[in-house]
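Below: a set of structures, written as structure tokens.
Shared chain: subunit A. Partners: subunit B in the first complex, subunit C in the second.
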Partner chain A sequence: MTFVHAVTSSPVMRRAVLLAPAMLVIGVFFIGGLAQALAQSLGQQPLLGDSRWSFDAYRSAATDPAVRSSIGLTLRIGILSTLLATVLGVGCALVVRRLGSGRVWMTRLFQGTLAVPHLVGALCISLLLSPTGQVSRVAHAIGLVDGSQQFPALVQDGFGWGIIAEYVWKETPFMAVIALAAMTADLNRLEDVSRTLGAARWQRLRHVTLPMLDAPVGAAAILVLAFTMGSYEVPVLLGRPFPAPLSVVTYQSFSDTDLTSRPQAMAVAVLLATLTTIIAGLYLMLVQLSRRRRT
Partner chain B sequence: MRRFVAITIAAIVIAPLVGLILWSGARSWPYPDLLPAEGTTRGLDLVTSSGSWEALVTSVVIATSVAILSSIIGLPAGRVIGLHRFRGRRLVQLCLIAPVIVPGIAVTLGLQVFFIRWGLSESILGVVLVQLVLTVPYAATILGAAFEGFDVDLERQARVLGAGAWRATTLVTVPVLAPALAASALLTFLISWSEYILTLLIGGGQVQTLPLMLFAAIGSSDSTAAAALGLLVVAPPVLLVVLISRLLRGRAGLLIGMVRS
Partner chain C sequence: MLILATSTALVLSACGASDDPGTKVDSQDWSGVLADAKGETVNWYMFGGDDALNTFVEDEVAPRLASRGVKLKQVRITDTAEAVNKVLGEVQAGRTSGGSVDAIWINGENFATGVQADIWACGWADDLPNDSYVDHTDPAVANDFGVPVKGCESVWQKANSALVYDSAKLDPADVASGDSLLAWVKANPGRFAYPAPPDFTGSLAVRSLLYSRIDGPSSLSGAFDEQAYTKATSTFFDDLNALEPSLWRKGETYPSSQDDVERLFADGEISAYFTYGPGAVATKVDDGVFPTSTREAVLSSGNISNFSFISIPKNAAHRSAAFVLADTLQAPEVQLAMFKATGAYPGIGVSRTSKTAQKEFARVPRSASVLSIDELSARAQPELSSEYLTRIEKDWKSQVLQK
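Here is the complex of A and B:
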């Protein structure tokens, strides 16, 4: 009883007890998982016993063409998908916000697509954009192509268009939902005031509407970027085995029957984790800088 | 004009799903026909087969367990983030954001060997535990935001009137936070329901959820089977979101909007 009392009366202890379950999950599985990936990439092999510290895995990863071509592809897919989804999502929100009852329906439609698993999204895009997909059939019907061979390769292509299409289709509604949630009655009043003060339409958009959206939309964009750089099932279904993004390359090495490629899989996993962290960190620094400049 | 643009947007959002529905009932659909030539109930038979039923049950069990556990773990953490101001609060928040930024595959590869050693691989328990890494941050963040608007005096009044800590929590705090708890449970359920790679890595192919079954069907290049399974995977979460967001009159939608699925 005295122990319980001591725990609940000290605020520090109380906080520690309340946070313990969440921190246990993150400490063991997240921090532990990353630490293990790092240790195994440096030559430690927990179940094989034969362990020595070395940078061999990183050296072999650096010369592997699969890894080298993967970094640019990962960044390209992540950045292009995020930019397109952000611009289109905010655009959709600007169109939908003044629709009256239509706004409710469109918001519900966007929320509904949030619940669609990416795996299903990848299947849909493949049925839509493959050489014999619906788009190719419509192109044939209106005389744009003579056959499926003439249709441009949009899935399993080297550039990653199919992957980008899936991410943009799934993430644009997400960005629209975020932007719509930020378009409140307060924003309407601010816009009315600026209109009364003589601001033109594009001035209102540039100096009133968009500045109110940049914090929530920016935060959401960074989540989209991290996700599109690290997701596995979309690129594995809609992309090529080579060149493939880092998430696919790391799994390819990991599932190799030759266990000696495990350290390289871990090195690529560490690289992927570092890359997403650096990009998120850069974004946070930019936000801090622009805030300081504004005040 | 605005209405026309909105209808176009809605059509683009819905179009990819139309192909899924058409393919699920198509016996043959030769190029370049715009519509399937013949219908079939093969997709329906597959969806109602015992294999699909088992995968559906496995998915529901895992996603429900993940949703309940995440909310139970996220509630006390959310209380600290929402109500307490202390040194190290930013560090706690950073710990909760990091798993959302760093890809799950990078975290799980190194763990896999330990799940084998601990006897947790190829088990539903192992899959539930590893998925908590993805869901606990969201649950704690949503509930943390809800606690920021929570009036602690409500609990104090209950305590003054003679309720113990447990009764004050279950009879006052939880009911007041019910919308946020529902949003947290819904979002974590959706994340778990859609999860593929962590389930594959830790479940070792032995824990057959619907996404694993769908992935195999897509690989077999049987479009009818893949589309039918795709509909089975997509229908429950979409219905759930539409139903719950109506129940909560948009509040859950807003909270879902604050984070992502």
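Here is the complex of A and C:
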């Protein structure tokens, strides 16, 4: 009784108890997983029982053409998808907000697409954009291309358009929902005040509306970036076996029938995690800088 | 995400490590095995991409197991390496008993991976009562892609590869040999494809083309020999690279799976491909997925053949039930039902079964699109050892895919 009382009466203890379940999950699965990946990338071989510590896995990853060609592709897919989804999502939100009663329906539509799994999205994009897909058939019917062979490669293409298309399709509604949630009555009032003070439409957008959005939208953009850089099923369905994003390269070496290629798989996974962290850090710094410049 | 997923699997499997190990019944004591298996559920991990085979497992295998008191839980996977990785993850987490995988449909490289990490239960396959139907004089039964089987897996199916083609587009002369096929490919750019190795069938396609060049595997038989390999593949990969402009999508990319290749054939994008499951083609033609002009051929250099097996991990929770599954799958009536339902060829030696069973096998009707067992086995060639396979896949990747 006294123990329970002591725990519940102290605000610090109470917070610690309430946070414990979440911290346990993060600690065991995230930190534990990362530590294990790091150990195996440095040569720990739990299955072969022959551990020799070295940076060999990183060295061999650095010279592997599959990894080298993958870094640019991973960054391109992650950054382009995030930029496009953010701009389109915020743009949609700004338009939908003016719709009046239509806003409720559009918001529901956006929320509905959130429930569609990426796997289904990837299959839909494939049905739409593949050489024998719907778009190609329509293009052929109206005489834009002569046949499926002439249709430009939009899935399993070298640039990654199919993958980017899926991410943009799926993440734009997500960004729009986040932006709409941030467009509260407070924001309306602030905009009204600035209008009475003589701010033009563009000035209101730039100095009032967007600054109110950048914290929630910025956070959501980091989520999208981390996801698009690390996701596996979309690039495996819509991308090429080579060059492939780091997530796919990791799985390729993880499922290699030769167990001695496990350390390299883990090294690539660690590289991917590091890369994502760096990009997210850079982005946060940029947001901070722009905020400081404004105030 | 990947790190998270792997570690989650590891931690979760570690959490379940306290399962009751139970007593392990020796496979030689078959009545003991049967008694021990009663009431158990066997978790059978198998490639789940073949609808006809899945139906056969539900309609034929599950009821027969139920009559022996064993409940079947079929776990469908897209790649056998997934099941092996699951066992490896459990072993890595210290789960030496009570493992969640009881049996795996497996062969070749994945079996070799498990041998490398010493995860298989061994010495039981010869004790199965139905093992008497297995032809142990066949070298492909004793060695799985060059790895000695040593009773660590039991035979299930025989797989003979074949070239599938659309006879409206190719003449029998085009598919007579590897050279005539490649000549046709060059004359008809974009109409031929194979999945990127290490895909199982992609790897087969590359080996089939290699066999055609060196006229069968005789110069590469036995364990890996660097000199023989260098000689056999001297300009092989360069030639495959030079073939790329004539392949699907000008060889700028390769289909990532055999499913993709078969979809391309169904869509009419390509007109020929290699398969390790020629029997399943009949169903696709009957269902209208493939054109009725679909035919099969064996190149003059022969077709690669192998056996697929059932393996049981050392840490399997229901070992006795897995023994019963492996034995049931070898029963002549089950093998016959499988051949009828799916076109998959019997892993047992048909000549070792009863006269009536042999007649039944001979009487199974055959679609005009597929070759008979005799035609498929007349020029059957064994697989190379798994070291050669790994090396070919590696060299294909660096000298063809990445060039």
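Rule of thumb we're sticking to: the second predicted complex is superposed on the first by the 263 of 295 C-alpha atoms of A that agree within 3 Å, B and C clash if a C-alpha of one lies under 4 Å from a C-alpha of the other, contacts with A are read in each partner's own complex, and residues count from 1 in each chain.
In this section, contacts are C-beta pairs under 8 Å (C-beta built on N, C-alpha and C of every residue); 3 or more make two chains touch, one makes a residue touch a chain.
Quantities reported herein were computed from a predicted structural model and do not represent experimental measurements.
Superposition model on subunit A: subunit B and subunit C are shown in a clashing arrangement.
When the two complexes are superposed, the chain touching more residues of subunit A, out of subunit B and subunit C, is B. Contacts of A:92 after superposition: subunit B is touched, whereas subunit C is not reached. In the superposition on chain A, contact is made by A:220 with subunit B only, not with subunit C. In the superposition on chain A, A:119 makes contact with subunit B only, not with subunit C.
Legend: residue contacts after superposition of the two complexes on their common chain; A:256 is shown touching subunit C, with no touch to subunit B. Of the two partner chains placed by superposition, only subunit C is touched by A:158; subunit B is not. When the two complexes are overlaid on their common chain A, residue A:102 makes contact with subunit B while staying clear of subunit C. By the touch criterion defined above, A:72 reaches neither subunit B nor subunit C. In the superposition on chain A, contact of A:140 is made with subunit B only, not with subunit C. By the touch criterion defined above, A:211 lies against neither subunit B nor subunit C after alignment on the C-alpha atoms of chain A. Only one of the stretches 3-11, 21-29 or 147-155 belonging to subunit C overlaps subunit B in the superposed arrangement, and that stretch is 3-11. Overlap of the subunit B and subunit C interfaces on subunit A comprises residues 29-30, 32-34, 36-37, 46-47, 132, 148, 227, 230-232, 247, 250-251, 254, 269-270, 272-273. Considering their complex, residues 2-3, 5-6, 9-10, 13-20, 23, 31-34, 72-74, 76-77, 79-80, 84, 86, 92, 95-96, 98-111, 113-114, 116-117, 129-130, 132-133, 136-137, 140, 165, 190, 193-194, 196-197, 211, 214-215, 218, 223, 226-227, 230, 233-234, 237-238, 240-242, 245, 250, 253-254, 256-261 of subunit B touch subunit A. Touching subunit A in their complex are the following residues of subunit C: 1-4, 6-8, 10-11, 79, 81-82, 85, 88, 91-92, 109-110, 112-113, 116-117, 190, 196, 198, 249, 252-254, 256, 267, 269, 386, 390, 397-398, 401-402.
Every residue of subunit A that touches subunit B in the complex is listed here, in rising order: 8, 11-12, 15, 17-19, 21-23, 25-26, 29-30, 32-40, 46-47, 92, 95-96, 98-99, 102, 106-128, 132-134, 136-138, 140-141, 147-148, 169, 173-174, 177-178, 180-181, 216, 220, 222-224, 226-227, 229-233, 237, 247, 250-251, 254, 265-266, 269-270, 272-273, 276-277, 280.
Across the interface of their complex, subunit C is touched by residues 28-30, 32-34, 36-37, 46-48, 65-66, 69, 131-132, 148-149, 153, 156-158, 227, 230-232, 236, 240-242, 247, 250-251, 254-259, 269-270, 272-273 of subunit A.
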